[in-house]
Structures are given as C-alpha cells and as structure tokens.
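By written order: A, B, C, D, E and F. Residues from 1 in each chain.
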Amino acid sequence: MKILVINPNTTAAMTESIGAIAKKYAAPGTEITVCSPEWGPRSIEGHFEEQIAALATIETVVRYRDDFDGFVIACYGDPGVNACREVTDKPVLGIAEASMHTACLLGHKFSVVTVIERACALIEDGVKRVGLSDRCASIRSTGMSVLEIEENPQQAVVQMVEQGRLAIRDDGAEVICLGCAGMGPLDDQLEEQLGVPVLDGTACAVKMLEGILAYGKSTSKVRAFAWPEKKELPGCSPLLQSVTSSAD
Amino acid sequence: MKILVINPNTTAAMTESIGAIAKKYAAPGTEITVCSPEWGPRSIEGHFEEQIAALATIETVVRYRDDFDGFVIACYGDPGVNACREVTDKPVLGIAEASMHTACLLGHKFSVVTVIERACALIEDGVKRVGLSDRCASIRSTGMSVLEIEENPQQAVVQMVEQGRLAIRDDGAEVICLGCAGMGPLDDQLEEQLGVPVLDGTACAVKMLEGILAYGKSTSKVRAFAWPEKKELPGCSPLLQSVTSSAD
Amino acid sequence: MKILVINPNTTAAMTESIGAIAKKYAAPGTEITVCSPEWGPRSIEGHFEEQIAALATIETVVRYRDDFDGFVIACYGDPGVNACREVTDKPVLGIAEASMHTACLLGHKFSVVTVIERACALIEDGVKRVGLSDRCASIRSTGMSVLEIEENPQQAVVQMVEQGRLAIRDDGAEVICLGCAGMGPLDDQLEEQLGVPVLDGTACAVKMLEGILAYGKSTSKVRAFAWPEKKELPGCSPLLQSVTSSAD
Amino acid sequence: MKILVINPNTTAAMTESIGAIAKKYAAPGTEITVCSPEWGPRSIEGHFEEQIAALATIETVVRYRDDFDGFVIACYGDPGVNACREVTDKPVLGIAEASMHTACLLGHKFSVVTVIERACALIEDGVKRVGLSDRCASIRSTGMSVLEIEENPQQAVVQMVEQGRLAIRDDGAEVICLGCAGMGPLDDQLEEQLGVPVLDGTACAVKMLEGILAYGKSTSKVRAFAWPEKKELPGCSPLLQSVTSSAD
Amino acid sequence: MKILVINPNTTAAMTESIGAIAKKYAAPGTEITVCSPEWGPRSIEGHFEEQIAALATIETVVRYRDDFDGFVIACYGDPGVNACREVTDKPVLGIAEASMHTACLLGHKFSVVTVIERACALIEDGVKRVGLSDRCASIRSTGMSVLEIEENPQQAVVQMVEQGRLAIRDDGAEVICLGCAGMGPLDDQLEEQLGVPVLDGTACAVKMLEGILAYGKSTSKVRAFAWPEKKELPGCSPLLQSVTSSAD
Amino acid sequence: MKILVINPNTTAAMTESIGAIAKKYAAPGTEITVCSPEWGPRSIEGHFEEQIAALATIETVVRYRDDFDGFVIACYGDPGVNACREVTDKPVLGIAEASMHTACLLGHKFSVVTVIERACALIEDGVKRVGLSDRCASIRSTGMSVLEIEENPQQAVVQMVEQGRLAIRDDGAEVICLGCAGMGPLDDQLEEQLGVPVLDGTACAVKMLEGILAYGKSTSKVRAFAWPEKKELPGCSPLLQSVTSSAD
C-alpha cells in the first residue's frame, strides 16, 4: 500500500515533519512518501495562497497518479481536494475532513485551534462544506502564523493550550483538532496538557486512507467527482493538459 | 490489537456473517472477536427493540471491557453507542456513524438503503445525531425485514439494487450505505450492479477503529462521555451495578 | 381520564415530589398516578443511566398499558419515549419535549437550566431530536447533581437563579425550562426571582397530555411508532416478551 | 376560564363553525367566546389579506384584553400573533403553531394540507418562524380557496384525502395538520379515511391554552414581547392608540 | 426611473433624513420621492408598531402604485414587504434584506447594530426569513430608542461604535449593517471609526432597486407574490378595497 | 466607473457574448471591459477546471487591479472569488452569488438551471457557501455541456424551458437563475416562455457592482479578505509573486 502525502506548502522543514508523523503512525505494510508541489506558497493562511496551492497540489496528484494507491492533502484548508478526486480513481483525503470525521467518533463536539485569525473564516467554510457545523463547538486562533509556529513550537504550545482550554471550558469542546499541518508534532504535548484527544489531521487522514484502501473502496465516479470532461486547456502545463486531452 | 464486534441482534447466523466480514477486512495484526448479547431481540427494526438491544449491548461492553482494545456495535441504529462510550475508556464505534463518515470521503452525497419503512425514521434521527443531514441524499426502504433479508439474500439484492438506483438517479446519491448489519455480505454484488461505492458499516467501523487505536486515541472523558457518576442501580444486573458502584 | 406519570429515577422522594406537582396542576377530572420502575438508577445524569432507565420505563408502560389513558415520562432526557410510543396506542409524552413546545408559545427563545455539566450534551441532543434548536438560546449547568438538588433545594435555587439570569442577559432567553424533573418544586420561587416564565416539564406534559386526550388524539401508528414487529426476545422479561410475541 | 377565539376572517359562517369546534373540545370549566374583527378580509390566502387581518386581530385583542384570560387566533397564518403577545399579559396562541407543536408529540413528521398553492409559501415561512422545519414533511395544496372549501366541504374532503395520502406515502408524514381554520369541521372524516391523526389548529390551540392557563403561565414580557413602548400613533384608531399612550 | 422611498415611521424629520440619503446615492437618472404613510407609529421598535406600519405602508404602495417604477420600504423590520410585492408588479425592496444581501458581497459575516434590545428578536426573525442566518455573526443593541438616536446622534455614534467593535472582535463580523433607517446619516462616521464597511439599508435598497429596474426585472407573480385573490374587504379603506375588488 | 468582467473560460465567443450582456445592461457612466485569462480551460464543468480557472482569474485580477474600479467573475462556480477579494481593495463579485441575492428579492424561492449533471454538485456547494440553501428550491441540469449550449442555443432553450417548468411546477421555484454564464443571451426567450423572472448572473453582478461602487463601499479587509500575508511563492508567476512580496 503506497500513500503519497502532499504538503501543499513549499516549506521543506514542514514537509519533513509532516512526513515524520505520517510514517510514525502508518501501518507496517504502508509505504509513505511525502512531497510538496514544485511551486507554490511557503505557507497557506488565506484564500489567495490556498488557491495557488490547490492547483499545485492537483498537478502533483496528476504527476504521481499512477504511482500511488491513495493521496493525502496535508493542509487544513484541504486545498483542491475535490478536484483531486476527479483526476484519479484512487481515494484522496484532506486532513481537515479526516480530522473532523475522526473527532466525531471520540467526542460530542470538537473545536479547531489554528493559526492567525483570518484562517478561522476559511476553516469555518471548510466545516460547512464537510457538513459538520453542528458538531463543531468553535474555531479558535492562536494569533501565530504558520511559519512562526514552525520556528517557535514552544510558544505555539503555550498559545494552543490557552485556546484549547477556552474551547473546552467555554465552548463545550471535547476534542481538539489541530488546524494546521505544521502543528502536528505538538499533538502529544497538547494532549497531555489539555486532557482531551488532540488530533493531527495528517495522522487521521493516513489512518482513514489505509482503512479505505484495505476495504477496497475509492471515490465515486458517477457525478460530482467523475473524470474531467474532455476539453482543451490552452496555456496550462502539460501535466494538467494530460488530464482532459485523454478524457473520453 | 483486539476488537470486539457486538451484534446487538441475538440471531446467531447474522452474528456469524458479521464476524466473517469483520475478519475479512481486519488488518493482519487485528484479532476480531464477534458476539451478541446474552439476551435481546432477534432483530432490530424499531425503537422498542433498539432500546432493549442498547442495554444488552452496554452490558456486553461492560462484561468485556477489560479484554479488548476497542468495540464495534454492529447494528445500523448504533444502539447504546454513547452510553458504551461512558463505561469504558477504549474507543467504541457504531456502524452507522462509521459508514456515514466514510461515505463523506468518497462522494458528495450518500444514501442509506435499509429494511422496512419504519426503520427510515430511526435512521433519519441517527443521521441528524451524527450531524450529517446535509450530506445525506435520502434514506430508502427495501420493504424487507431484517430476517427476510437474512433468509432470502437474492431477493434482497433485487430490492436493494432497485432502491439504490433510484437513490443515485433521483436523489443525487454517489455512495450507498447499507442500512442494516445483515446486508453486509451483499456489498460486492451491489457495488458491481450499482457502479458506486457500497459501504458495509461493519467493515467501515473495523477499519476506522483500527486507525484510531493505531493512532493511540480514544473517547474524550471530559464531558458527554465521562465515566458514569457513582450511584445505586437497584434491581439491575451485577454487571451494570459494577459500573456505578465503583465510580468515584 | 387516568394518567400515569413515570419517574424513570428510582428515588422515592423524587417520585413523590413529581407526583405532587402532577396532581397540583391536573384538571379536576384527571386521575394522576405516579410510579417509578421497579429497577433502575437512583438518578439520571448521563447516557448510561438514561439507557437503563429507558428500558425500565418501557417495561413500566407495558405493565400498565391497559390501565391508563396516557403516560408522562418525567425525566428531562425523555428516556425511551419513542419506544413507549410503539408499545401502546395511548399517547406518551416526555417532559423535555413538552416543556420546550410550551416554552415556544410563551417566548421568542428558551434556555434550559439543568444539573451537572455532562447533562448539557444529552439535552442538546434532545433539543435537536425535538427539532427546536433554533428556538433554544442555551443550555446551562448548575453544577449540582440530581440528588444534591433534591437534598439541598435552597442551594439549588441560588445556582439556578444565577444561571437563569445569565441565560436571560447574555443568551437572550425569555423562558426558562427546568432541565430536571427534580427541580419542579422550585418553579414558583425561580419565576418570582427571574421575572420570566419558568416551566416544569411535568406540569407541561400533564397539561398537554390532558389536552391531547380531551381532543381524542393519540400517537400515529403508520410508520415510526407502529406496533413493534412480531419477533422473539430471548432472555427478556415476560413483560417485554409480551409485546412482540402477540404482535401481528 | 374565559377564552376568546378570534377568526381573523370576516366570514360569519366560518366564525360560527370555528366556534363550534372550540366549544366542542373545550373543558367543562372553559367559557369560549368566538368573534371576528369588525373589519378585514372575508378570507386569508396571501400576504396582503394576512397583513390586514393581523391589524384587525390585534385591535380585537386590545378591545377585549380585559375581558378574557387568553386568546386564540384562528387562522393558519397566525396573523399578528407576536404583536398580540405584546399588547396583553394574557397568553395568545396561533392555531398554526399550536397544531405543529401538538403534531410533534404524535408523530415523527407532520405535513400541512392547505388551500390554494400560494398559501404554501406563507405556511412554509410560518413553519420556519416556529422553528419546526426539520419536523415538517411537506406542505401540500388542495387547489381550493378558503371559501370554496366552506361552500363545498365534500369536494374539499376528496381533495384533502388525496393530498393527505400523498403526504403519508411520498413525504413520510405521520400526522396531518389542517392548514386552514375553515377545514376544522372535516377532521373526523379525514382521520377516518387517512388512518393518521388529523389535527385542527383551533382545537389544538384551545387545549394548549387551557393547559397554559391552568398551569398559571403567560407570555414572557422581558424582551421580544414586552409591552409596546410609549409613543404616538397618529391617525390610528383609539383602540390602537390606547396601547402606546398609556405605556410607560 | 422613479422610486418611492417609504418611511413606515410617521416622524417627519426621519423621513427627511432618509430621503436625503436616498437622493445622495441615487443615480443621475433616478428620481427619488420620499414619503411616510398618512397614519401609523412615530417609530417602530416592536411587533405591535410593525404590524400597524405594515398596513399603512401597504396602503401607501397601493396609493402610488401607478406613479412609480419601484418601491423601497425604509424600516429595518421590512414591514409589509411581502404583501407589497402582491399589490404591484413593480419591484419592492426592504432595507433590511437589501443591506444583508449587500453585506454578503463585502465580507464573510455581517452583524446588525440596532436600537433597543427588543428589536433584536424582530431582526433575528428577519434574518431567518431572508435566509442568511449562517452569514449573520450577531445582532447587537445600542440600548437607545429610535427617537433617542434621532435626537442625540452623537451619543448614538458612541454606542454604535462600542457595539460595532464588539461585533468585530468577539463575533467575527466583517461588515456592519445599521439596524434602523434612522441611523443612516451616521454611516460615514461609523465606517471611519470601525474600519469596516458600514451599510445603511436605504442606500443599499436604492442601489439594488435601480439595478433591478435597469435590468428590467420585477417580482415573480406565479405563486407567493401573485396578485391578491378577488374578495371583499368589509370595513377597509377604499384604497385597500380597490386591490381585491378589481382582482380577477 | 470602470468594471472588468472576467470570463474564466478561455472561449472567445463566450467572452464576447458575456461582454455584450454586460454592456447591454451597464449604466451610462459605466465602462465595461471584458476579457478572459491568458490560460485555462475552454469551459468549466467540474472541480478540476474550476480550480485552474480560479488561479487564472486571480492572476487576471492582479494584472488589472490598478486599472479598474471593480471586478465581475463571470462563471457560475464563482471561481476564485474569495481569493480575488484578498488581492485588491476594489469590490469583486461572482455571478452566482449576485444572481442568488437578486433572486431572493424577486421571489420566495429560486431554482438554478445549469449544464451537465455534475455541475449540480458544484453549484449546490456554492449555494451553501453563499448561505442561501433555504431559499433555493432546486438545481436542475439540462444535460448539455457549456460548449453544446454555446453551439446550439435553440436546443438549449428547449432543454432549459423543460427544466425551468419542472422547477416551477414541482419544486416551487418562482425565479430561475441561469447556472452558466454562457446561457446569458437566452434570458429573454426563457423569461417569455416560463413567465417568471429569469436571471443572468452577469447582468445581476454588473448591476450590483455598479450599486456598490456608487455607494462607495468595498470588501472588508479586517479578517477573511485581508491583504495576503507577506511570503515567498517560489515558482509562481511574477504577477502572483507581486502580491505577497510587497505585502507588509
């Protein structure tokens, strides 16, 4: 079972730490490869970067679609996940959706603790898209950027514990989802301090993807995620063009 | 990793076929045990049987809570699942919630195809409890009872294909969830005929539970699913009494 | 008109005080009988106790289904109410649903003030099941257990007034529903101090049930609450078995 | 206990038949008076008539607010009900809200069968205002006007049975609410033919109001339904002016 | 293009200031006329005044329906807007709905800052009717009456800035809608101090109405807003009677 | 007032017809420029093309952000609209959101009639993002691709009339939104045949944008749509890089 974990951010250190988590929790028979797109933002904190990263991620899935059994998109905006579901018949999971679905099995309500304030709006739309608004107690910001968290993890822990505690005490959260792939390595520390399950999306997605692959299932191709229609894509990269030139 | 799959129905043949599926999809290192409670309804099609089965299932979890790493409740009403989350600190998954969460990762909308009409109301409440009403295209009845499906699987396939096709064509379903644990063995035949992913909840729950265990997570104990309060349960079985007599 | 009020808790003092309220507000022609099941938890504060009490309550309804014209389930989790609707063709009302429906006729939004924090999650699911989440301003905990309230009603009043005031001031509540049958005797004191309608569910349920009976209506038996299907219930009490052995 | 039932339509025959139902189901100690406003539409089928009738109804409540213990507004648009709650401290119930709340205690889902198609939009907004959209299976039109139903009740029964059957079979309705006060006298015939509870809103409202009065409750006056602010109402009738001239 | 802006309040100074705003933002080719009904409340802060103003506003639209190309109802309760849509085939817009729709194009979430607390309940129902509850961050009260704001605009600015800042900081609002037509003249001052778009509903409605007229569209007359049915309106004003006497 | 209308599809004929509509309905003082990105899909019918077009559209907005007063994105998926809101402080409107908001002012419910079936899922998510699911009666497919509609408009009219009629008769639609920019030129024919308002999103967006500009408002920059954070975008086009290199 070969899984490609794509970090839509082009920051090598983050890609590395995401890969470490994915490998740490992967089953014995799972071969994890981690990569980031060849181009795109160093970090994703708003719609602009998300849209760039989405296309770069889609291109990455196309590039490797014959080489892996399934794909994980390791950014909490799940950039491009639905488009990726169209360009391959292998399953594709975003870490936000995976962590939210997992959280619902472990507690009555979950909260997401994330980076700077503006990301909360993005994640709120994500929760609505997934359909789990009723189960989401709150989305809270640490006020730190993705790269600040990467560079200063101990400060990040302090902020995240503070927001996590407020989520548990004031919002009724019972599970905390880490709202940024870069926060993954902090999950154990946080869980110890908060006393509730703290979920890293990458770990959740790898485990759910292994399960889906072992069960022999993949994306439904009858409607929303059918193969793209055949059409021209003038000016696009050969990889992207390969998707719709050969479609029938 | 030891998982107990509980069939809340006391029909031995169904317990056996549920066990067969659980074992078929379990990972190499997973040890599956299947059982049904010592008492309770032969099949579950309404609120009355569900409440009986819920208590019998809770008792079963209590009985074996030291012997397994996690529990699957293999009936599409998820009877007693939240109470079971209180009586153990090991994760407990219902097959309905597990199949719905899985379905959301494979298609834009899912439908549930189930037994007799009255079960649709129960399942509709279940979807609302899980919080995924927005992702559920429809809940459709085959008009067959649990035991009729068990006894006449080929007739069941005919009915289920018919309802599945209507769900896909008229309701926008892209994934079909089998709304009864007893339908599990039919998933491959149905998938072949319907052309969309067909999900058996037992398989979904086993895979998600394996993932949660491998990731080292379990139910949050801070609020909704905290250990039961210490109190007397006059007239209840010693097993049930053991839960709240020793609580602190 | 004969109404059976069932206290799903097996605490005699609480049963007595519930009966007193039911009788206090019953119409002249109404004969109120109050009882609790022969077995089950002393108090209900979580899913575990609720599931036990649900079955004990169902059994109680079965036991007396020929002797009364309607039934009230006097616990704010409405334990087993839907199953009870199946085993009799007389109307069955839960006090939570009755108080919420009544509250909607008296104010724009209602809040529920209840016992310990964990009960809030249960009640939140109850509000969702009833379908009135849009009208519910908040669910607030006094931090006191059912039995503490029973034993120390004046301390309970202090806590309830505090939470009620916060609900009115911060959450926009205009009506307060007492989220525990044991709080019933405190309604007048609370109403005086809070200046808004304070509703005891037992009183609401008795009045609504009298109205439904006088109007000659009962539970619809065509789908969700049809008589249980005929089937075996091995190991269950003769009373429970009588339900499905004689079903046709 | 004195209840004023107001028919917001100025059609004497309809007022009479509404009064007959109210009296038929009233408790022994209840004194029912029925009236219609002194001005306003013969029947209400759209927003225009509803707004006229709302004001005429409010004026009627003001006129008689010292003479009765509670008020029922007997038109399925509940015209002016919230404003009426402001001008008196006695409880005021609309028949639509009363029938929907009652329906939720008797079945899993209810449908409303009403007059001409345009009324469905009005009623849909009413269900949303009450907050019970999740429990409403459908709103169906008979295609007959209020006065056609009044004049040709047997034709109305035929149409209503047809729509009721479709609601039960196709929409999952278990209870039928009569979506026009004028349909009230047909409830027994319909119930016999449809085999599910058929609810007339006037009967439901009278019974719920009796219950609320017996329980000693009334509208919350702290926020949405507080007494109107003191202010001038130039050009309005003396009755309306009396409301805000004396306010403090 | 001739637009009639109706101030449902009968306070001349407010009508004048509403007219000033409407004219300030109107396009060169637009002729704005402003008026208030000949009768009705000096200000609108509750359901009672709203119902009176609704009928007075409808009558005003009927009076002038041949003289204008479109109508704006300049009160944040949108009194009578749906009925007005029935009595003319020209477009009719309420300022609340217009400002909410505009706000959704300028920010992720909007809040409404309004007059006294009781109005919040009315506006909350308005947001639900419009269907934009998901986009509404909060509805906040300044604690000032309509006429206090009119008389003491600088005090109003202080209160509105305070509530606006709380909405932005605590509720996630990105746009502020002024929840009273009388607040319109303060929009520039508020926007300068709050740093987010501040929307006056009258301006929004005039601009959207100009757009709809220029695009050649008007209210759909097939169902909810069809012309009123022909019928008698005994005791009503000749203007109101003219609506349904000539209907076919 | 200078407005740039961007057709995210790179099909020159469609860009031309979109431009014709925009100019037809633009106000006298408005200068409309129409363009399509320099690269990207010929047409957009799924998530894959939408993601490509989103980035190409964002780049186009960046390229021209100093040259126009506002931007319209003329594709019914509103590709990249939120990201575009970040890269400029001029208002940006998508045609889907503009047509839905307009529809809500003209009827009680709207339906969208669009291209091939798979687009319905995309649009359903769009309606949810806009927040107007409660006002949307249905989303219906003509079964024709974007380019088939472009090439065979008369066949398109036939299909669209059929789906529009079903939406009106069966789903309760009162307004029809054209769910593809390429359908715009057909709006008059359709409106004549369907008898309800038929809305082309481009026209709606141009008119709403003119209104917003005349009112002097633009996107809120405090949270969700703040300027992108300063960061590196390795491998991205100089235009995209210019956005975050100069950010502060």
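Convention: a contact is a pair of C-beta atoms (placed from the backbone, for glycine too) under 8 Å apart; a residue touches a chain by one contact, two chains touch by 3 or more.
Only a predicted model underlies this, so the values are computations on that prediction, with no experimental measurement involved.
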item: Interface composition of copies chain D and chain E: same or different, split at half; value: same
item: Which of B-D and E-F has more C-beta pairs touching across its chains; value: E-F
item: Inter-chain centre distance, chain A versus chain E - centres from mean C-alpha coordinates, in Å; value: 43
item: Centre-to-centre distance between chain F and chain A (centres being mean Cα positions), rounded to whole Å; value: 28
item: Shared interface positions of chain F, touching two or more other chains; value: 108-109, 120-121, 125, 128, 134, 172, 223-225
item: All pairs of touching chains, each written as two labels joined by a dash; value: A-B, A-C, A-E, A-F, B-C, B-D, B-F, C-D, C-E, D-E, D-F, E-F
item: Of all residues in chain D, those that touch chain B in their complex; value: 108-109, 134, 172
item: Parts of chain D lying in touch with chain C, wherever the complex brings them together; value: 25, 27-29, 91, 93, 97-98, 101-102, 104-109, 130-135, 168, 172, 174-175, 195-197, 199, 203-204, 207-208, 210-212, 214-215, 217-220, 222-225
item: Of chain E, residues touching chain D in the complex; value: 10, 38-43, 45-52, 54-55, 58, 80, 82-83, 85-87, 116-118, 120-122, 125, 128-129, 145, 147, 223-226, 228-229, 231-236, 240, 243-244
item: Residue ranges of chain B in contact with chain D within the complex; value: 120-121, 124-125, 128
